[in-house]
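Got some structures for you, see below.
The two complexes that follow have subunit A in common; it is paired with subunit B in the first and with subunit C in the second.
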Partner chain A sequence: MSAHVVYLEQLPSLFEKWKEKFKLFVPQKKGDYYLLQEYERGQEICFDYDVIYNPIKSFLFPSYETLLDFDLKTYASKPVVDAEPQILFGIHPYDIKAINQLDQLMEMGSVDVNYRARRDKTVIMGLEPLRVAKTAFWSFMDAEKVDFGFDLFWTKIGPSAFVVEVGSVLGEELLFVNGKVDVATAAEKEVARRKHQEIVKKAKMQNVLKFPNTDIPKVMAKSFNSYVWIEKSRKCLSCGSCNFICPTCYCFDIQDEVDDLLKKGKRYRTWDGCMLRSFASIAGGHNFRKQVFERYRHRYMRKGRYIYDLLGELGCVGCGRCIQSCPARIANPLEIFNFLWEDVSYEK
Partner chain B sequence: MKNKFSPYVPRLATLKSKKKLSDYVTLFRFEQDNGRPLAHSPGQFIQVSIFGIGEAPFSITSPPIREHHYFEIAVRKIGSVTTALHNLKPGDKIGVRGPYGSSFPMQKFIGKDMLFIAGGLGFIPLRSVLNYMIRHRDEYGKIMLLVGTRNPKERIFIDQLEEMSKREDIKVLETVDVPDETWKGNVGVITTLLPKITIEPENTYVAMVGPPIMYKFVIAECKKMGISEDKIFVSLERRMKCGLGKCGHCQINGLSCCVDGPVFCYTDIASLEEAI
Partner chain C sequence: MSKPKVAFFDFAGCEGDQLQIANLEERLLDIASHLEIVNFREVKTEQADNYDIAFIEGSITRPEDEKRLKKIRKQAKMLIAMGACATIGGINCLKNFLGKQEYTSLVYGPYARHYSTYATRPVRAVVPVDGEIHGCPIDKEEFVLVVKSLLLGKIYIPPDYPVCVECKKAGNICQLEQGRLCLGMITRAGCKATCISAGSVCWGCRGPVPGANLDAARQVIDEHGFSWLEAEDRFRLYLGYFLRLQGWVYEQETT
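Moving on, here comes the complex of A and B:
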């Protein structure tokens, strides 16, 4: 699709216009972290963040969400599907890839209507990264670029100018709300392309995956009984942080809540995680992943193999969030992939 | 349109009758308020809602019979939802989602000999298959049923077992792990029953359901008897929440037990480390 040029000074008026119809979330710096938070007039936007701390999934699949309201007397129930129009501005490609993946998983088999309703009302505006998080390895996970999944994609090509690639009709409409904007020249597009190459080059200089990522599923398939699972998981606290923070993890629990008068109630879902002790345990005490190492292994198997078997792409986009969030410093997919690859190659 | 429909909204059903099967297990008969049969296949399960307490999955133990507008589940009292179910009185309501999951391949079984192996509550889902076959008895070959229970007190569907053991066309063998003074039958784990039957391995299908530890040993014995993996069908239990292949709780390696299972052909799971 087409590409345009937008100048920094045009942004506030665009944002104001968008805010009339959408909730608008933009990257902001909060202490030591970057968060995607609601835009207020005059707010500074952090174009050079390295990674947004809150996983983007929380805007589509919140950590707490009501599924049903029910009446205990009549036993009537009705679905709750809440969705407000929203714009997620400034999303890096690896996070868009994670959303694209969730889109597929939530659509497979039974459509997740709550996710779908939110997704349908969500506008994604991508942003070319200007910095790489210390723990990131997205450039090795086919996540440095996305061909779809955005309505607009922004690349900062200078102190005050952006090349904006249009990804959807709605994206174009939003770009033109204050009137048409200039079409990007070949030279401007070339600058954007070079910006992309530069950041990818930079990303490739750190946290190197030592083998082609297409081999990860094969490596994982041979590693189910590797000693690394026991070795590494010894320090695991089963806290689930690596699940909750991950943009591609989507497991959940469902529970009921009743009001004080015992008349009405609701059924809601909350994020759950396969690293938590009782995730696979059943009434009577049996736990299908009783050992820490079994749960630890399952997370990596999901990322490196099972999701690949389902979708033909890896379940990890290399954002590096889990590495940062793990209190035991053991939740590093890159380290595990490299380690297992060396192990498997050595055996040959 | 999307706002109107959610797969999480249960249909209502009304408790028609209750029957105690053992100290902790009760048989419940429900009818859907919409007047329709469940239209399930043997081996499938439903998610039962007790609003305010939660949802839990249960196998449908009644066979699918067009004229029967009721369905049955047999439930062991073990936690919050199962206790709430036990507290229901006829006329009380529950919510129902499903039927969900895979079922036993009834077409494959036509004209074949059947070996049912039920460990403990595993008899509950197998009863759906068995009772369907009994209703259409002439369509199937030999029917053999092996039942293993921990102790005589935990035996369920005792009336039906006794009735069947009187029939010429069904062979029933029972055992208990730990006998008491009342028990006159076999003693030992369920695998000790297998040498007591003779089968034609090429013509026999196996349907087995039991506690997690049962499968490995029983499958090994079946293979020793010459039954090939593709003739062995099992139903696996896992923690379940959504029943829709989304929440992740029921995963067995890369499969979701709630949609890919609970009934599996052994061939399809033999290579999965987490299955058996």
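Moving on, here comes the complex of A and C:
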């Protein structure tokens, strides 16, 4: 699709216009961290953030979400689907890849109506990263670039100019709300291309995956009985941080709640995670993964193998959030993949 | 169905949990409309001895307490421990780390020998309990949830995962990551990570999560730059009773 040029000084008026119809979330600095928060007039936008602390999924699949209302007297119930139009501005490619993956997973079997409703009302505006998080390894996970999944994609090509690639009709409409903007010249597009190459090169210099990622599923298949699971999980607190912070983890639990008069109630869902102790418990007290090491292994198997078998792509986009947030510093897919690869290659 | 009669009793504690319930204000009227409250010091003066559900606040620290609690257990169809002192022994367990002579003379000075007192225990260590509402103080929403579950004939099961879960769901930036000593990773959730959301850290007031990996937590805390002693001091504040127990006993008690 087409590419245009937008100048920094045009942004505030674009944002004001968008805010008339959408909730607008932009990257903001908070202490040493970055969050995606609602835009207020005059607010500074952090274009050079390294990673948004919380996973973007929370905007499409919130940690608590009501699914239906019911009446305890009449047993009547009605679905609740509440989704507001929103723009997520400044999303890095690896996070867009994670959303693309959620889009597929949430449609498998039967469509998840609540997710779909939010997704349909969400505009994604991508942003070329200018910095790489210390723990990130997305450039090794086919997540440094996305061809779809955004309405607009922004690349900062200078102190006050952006090349904006159009990804959808709606994206183009939003870009032109204040009148048409200039088409990017060949030279400007070339600068954007070089910016991309530069950041990928930088990303490839750190946290290196030592083998082609296409071999990860094979390596994982051979590693089910590796001692690494027991060794590493000795320090695991079963806290689930690595699940909740992950942009591609999508498990949830469903619970009911009634009001104080015991007349009406609601059914809601809330995030669940495979690292939690009773995640795989079922009626009768049986638990499929009672041991910590079984749960620890399962998470890596999901990321490196099971999701691949399901969708043909890996379940990890290399954002590095789990590495950062694990209190025990044992949640590290890159380290595990490399270690197992060496282990498996040595055995041959 | 006649309304279940409810009574509140306190032992060694500060009655802060009854205060939390009184803080429900108008909502208390809705909840109370399903119950008959026969004994509640924070809002009522007259008391009765005929009740179905007993809420117990405070820990058991004296032989007299033990007798009184056993009597309540006999009368009540349901007995629910409420608040950290009652569910996990709470702060009162600090004295379990001192010799008896040491703590009695610390508190009562020359009158020490006139007071009967022994090592602090939670309610469940003395009589069987039908439910527990953790926290110091309890979370009033959780109290409401427990009462509603009772009324609907369901058993309320408190979360068996750590505070980190609710902390992540709340979208907080991890305190441990920012260099503060937080016990959320070994503490039972259910408070919606309220202290962390308010800018503080978790002190462990809801007690250890079932299966809490205390060895790992000690190692993790050490790697985050705190000394063994700092970790141990923090543990003792609320986890004292369990530090004094064999890990597996607790495992069996809670699962």
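Just so we're on the same page, the second predicted complex is superposed on the first by the 348 of 348 C-alpha atoms of A that agree within 3 Å, B and C clash if a C-alpha of one lies under 4 Å from a C-alpha of the other, contacts with A are read in each partner's own complex, and residues count from 1 in each chain.
Definition applied: a residue touches a chain if its C-beta (ideal position, glycine included) is under 8 Å from a C-beta of that chain, and two chains touch if they have at least 3 such contacts.
These numbers were taken from a predicted model, which means no experiment stands behind them.
Trainee: According to the stated criteria, A:His286 is in contact with first (subunit B), second (subunit C), both, or neither; which is it?
Mentor: In the superposition, A:His286 touches subunit B alone.
Trainee: Considering only touches as defined above, state whether A:Val228 meets subunit B (first), subunit C (second), both or neither.
Mentor: neither
Trainee: Just subunit B (first), just subunit C (second), both, or neither: which does A:Asp309 touch?
Mentor: Touch status of A:Asp309: first partner only.
Trainee: Please work out whether A:Pro327 is in contact with subunit B alone, subunit C alone, both, or neither, and reply first, second, both or neither.
Mentor: A:Pro327: touches subunit C, not subunit B.
Trainee: So, does A:Leu11 touch the first partner subunit B, the second partner subunit C, both, or neither?
Mentor: After superposing on A, A:Leu11 lies clear of both subunit B and subunit C.
Trainee: More subunit A residues touched by subunit B or by subunit C?
Mentor: B
Trainee: Could you tell me if A:Leu262 is touching subunit B, subunit C, both of them or neither one (first, second, both, neither)?
Mentor: both
Trainee: Applying the document's definition of touch, where does A:Leu237 land relative to subunit B and subunit C: first, second, both, or neither?
Mentor: second
Trainee: Return the residues of subunit A at which the contacts from subunit B and from subunit C coincide.
Mentor: 258, 262
Trainee: Touching subunit A in the complex: which residues of subunit B?
Mentor: Residues in contact with subunit A: 2-10, 12, 51-55, 78-79, 82, 93, 95, 211-212, 237-239, 241-242, 244-249, 251, 253-254, 259, 273-274.
Trainee: Mind listing the subunit A positions that touch subunit B in their complex?
Mentor: Counting only subunit A, the residues touching subunit B are 67-68, 70-72, 75, 77-81, 105-106, 108-110, 112-114, 116-117, 120, 224-225, 250-256, 258, 262, 265, 267, 269, 272, 274, 279-284, 286, 288-289, 298, 301-302, 305-307, 309-310.
Trainee: Per the contact definition, I'd like the list of subunit A residues that touch subunit C in the complex.
Mentor: Residues of subunit A touching subunit C: 30-33, 53-54, 58, 63-64, 234-241, 244-245, 257-258, 260-262, 270-271, 273, 276-278, 292, 324-325, 327-329.
Trainee: Residues of subunit C touching subunit A in their complex?
Mentor: 27, 30-31, 33-34, 144-145, 148, 151-152, 160-162, 164-165, 168-171, 173-174, 176-178, 184-186, 210-213, 216-217, 219-220, 223-224
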